[in-house]
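Okay, so chain A shows up in both of these, paired with chain B first and chain C after.
Then we have the complex of A and B:
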């Protein structure tokens, strides 16, 4: 690493240390109410105690199975719908602006409707997460297959490529990066919307536990859950980024 | 990413006009189908036909001073949160992107914070800021500021060294360089950030509004949902959607007005950039 890079790292570590140290000292000095900001030690021990309970893993299981189900629905629906739309120029001209326009409206607004239709259980969160994540997947599928450079296709055809060969060697590799972007955005949205749905109206799951700890004024548990979500999200993000990089690199070869 | 413009050839205008007509027909068809479904098929406790929703908008929503007030508060929250996030987001972005070194040091921190799902902080935000507008403004602000910072920083990166050198060699002062070279280059990226910021700002404010269920919009959505009264519920959600669309449109119009002419064609609207 060069010198400037090392200095940048040092600053990042200093920011982290400052935040952690500031948190520790503020709570140790007793400057803020424990109800609003518990000490790092309390959050740590609460998290350790929490992950040994069965109800913790039940909640995590409910949330992650909801996220997974919603994501599968969104990916399958989004890719199929998006691909079908790109097969006709008319359909694309008509539908793409409609989908893009709908996606700029905060679909969170639909949450009360999903609660009304599917009840307070996981089903409403799955429907809500699937609907929200459908849009980025479908829009990126359309962007990937629809706005394709015609010359590549014509070149392939003039060289006698079959329909399948054109799809396998031209369309798919060309569309892949944009498609993967859609899948990643879709996952982030799916994760956040299931969690948000659980926070606002649910009787189970991680989001419900976060809301419950806040209502019961249990700051240790509240921060422990937030810490768990943050760690999980950061880990998943690193995992997805590395998978994405591996796929894209293999694709280039 | 490829551009949307590649599909529009020389006959683009005629094609897009035809697409527009077909789109209108499609929307009218969907509304008619929903009307039929709502009137003759659906359970009246779960679904309302569009005509009843419109009627409910005038009687139950506009006719109820408490709901009108809640909607106005919502509008003010969205506007205040957005102005704050622009002021602090652009300032932070300019500071972070000021030199290659500050960018390398601070930009990864911003990105790392952006990755955290903020919705897990929703109950905490309410705990810290109370049940009133302050919490909703704070939650909208914390959602909107990140895309603005990120796009300001990436916008500053797109300024070509060549152009800066040219300006300098022609004797431009620091202020002149910023005014005539850096800012015009940043505008497209800045507006990408502002558009995204508005989308997330709306998300943040509405999430917080829905979460607080003992006052404001959240109270009424819960009330209508628990009473199985879909007419006013759909009308209230529709009103919020119209507010959201209006805010998005204001940003889009500002973008079209303020983007320097030379850059207009380079604004590539791709689905992927709408939401990161």
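Then we have the complex of A and C:
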């Protein structure tokens, strides 16, 4: 890590420490009701107790398998659909603005419809997350392959590249950075949609537990769940970034 | 000079017409109108003409990147039917077309892989070509770690490394400063003398055209035709002293006079687009 990077890391840690310290002092001073904001200690012990129960891991299992299924559907569907659209100029002209337009509609509005169609179980959240995440994946796939720099294709053609070689050595690495952006946005949306969907209408899963704890006025549990999701999200983000960096560094500087 | 047997001809362009878009459509462009030109083996021919007159289009047709609307092109006697003759022709394009996701050496390897050349030859040929342009120590760099000038030298070397008898160069030095341009021009003249390559070269620089060419094909404004062919009788490799000779400036002025009329015609056409395609 260079100096600027190290400096940034220190400042990030300081901000985190400040927030945690602030949380601790506010609750220790008794300025805020325990029902609204329990102390870090209480949240910590609740979380430790929670993770030893079977039902905790059941909920986690349901939610993450929903996210994974939704994401796989969105990625496969988005990339295939996006790529097919770029194969025709007409299709691109017609469909790209339509997809972009649809993506600006807050699909949350349609969540009740998904529940209606797919029921209160995980299926509705999977369908909802997959639909929502489909758009950024498809749109970025179109951007990556449809607005590809002609000069590279022309150069490859002049060297006698076959169709497959052009795809493998030119299109794919050239499109990769934009494609990855779509995958990343898609993942964030998938994660948020499934969890959000669960908090609004579900019978199982992390979101369900969060909504339930809030309803039942159990702040310790509520914040323990939120803390768990936060830690997981941060970990996943770090993981994805490092994978991305390795691939991008290998394929493109 | 003009009496040549068919065996001496590297490229024969016969009655090429190129129209982009359907005839009669509002965006239809007649880019080339019945262009014919024979280029001898080992000859350096410059295409000189106003912007948009179809110079790149000629190179692309000769290189087999697409089929012309009508007319034929023969390369070493074989007809080009919209498929690149990669064993005979290499391109160096207007802009640096190095692939940014590959290092310099990987860019060479992929160019040779696409041509189906044996993998055992890739690195030797790449390093030889890189040495020729003084870029051997940058083999493991990525293109965007190089300056524009260095990138274009690598780009040129990538065209040379495959050792085809014909090199098509579309404004390869356009992005370079005057001095680098001149030095690379000298290198190219030396390469020509050493290898006997046939080179078709597009440029907007009059001095470059005169300094490098055996013949300069001056083109008309769009629709492009060949207006005049100017012979430059001077053996390769040429030294910078050639530029100091009175003959050099005479030729340069002659080119300029021919071009000036065409550029004025283009500008007039742009001011009054209705009269253009009629």
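The definition used in the following text is that the second predicted complex is superposed on the first by the 237 of 253 C-alpha atoms of A that agree within 3 Å, B and C clash if a C-alpha of one lies under 4 Å from a C-alpha of the other, contacts with A are read in each partner's own complex, and residues count from 1 in each chain.
Operating definition for what follows: contacts are C-beta pairs under 8 Å (C-beta built on N, C-alpha and C of every residue); 3 or more make two chains touch, one makes a residue touch a chain.
Source: prediction; values computed, not measured.
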More chain A residues in contact - chain B or chain C: B
Touched partner set for A:216, first chain B, second chain C, both or neither: neither
Contacts of A:33 with chain B and chain C, given as first, second, both or neither: neither
Contacts of A:58 with chain B and chain C, given as first, second, both or neither: neither
Chain B versus chain C as contact partner of A:88, first or second or both or neither: neither
First, second, both or neither for A:156, with chain B first and chain C second: second
Partner chain(s) touched by A:45 [first = chain B, second = chain C, both, neither]: neither
Touched partner set for A:170, first chain B, second chain C, both or neither: second
Contacting residues of chain A [partner chain C, same complex]: 151-152, 154-162, 165, 169-170, 173-174, 176, 251-253
Chain B residues within the chain A interface of the complex: 1-4, 6-7, 15-16, 18-19, 22-23, 26-27, 46, 100-101, 104-106, 108-109, 112, 115-124, 126-128, 199, 202-203, 206-207, 210-211, 221-222, 224-225, 228, 230, 233-234, 237, 240-241, 244-245, 248, 270-272, 274-276
Touch list for chain C against partner chain A, complex: 60, 63-65, 84, 86, 89-91, 93, 95, 97, 99-102, 110-111, 113-116, 142, 144-145
Residues of chain A defined as touching chain B within the complex: 4-5, 7-8, 11-12, 15, 35-36, 89-90, 92-95, 97-98, 100, 103-106, 108-113, 115-117, 136, 139-140, 142-143, 146-150, 177-178, 181-182, 185, 188-189, 191-192, 195-196, 199-200, 206-207, 210-211, 213-215, 222-223, 225-226, 229-230, 233-234, 237
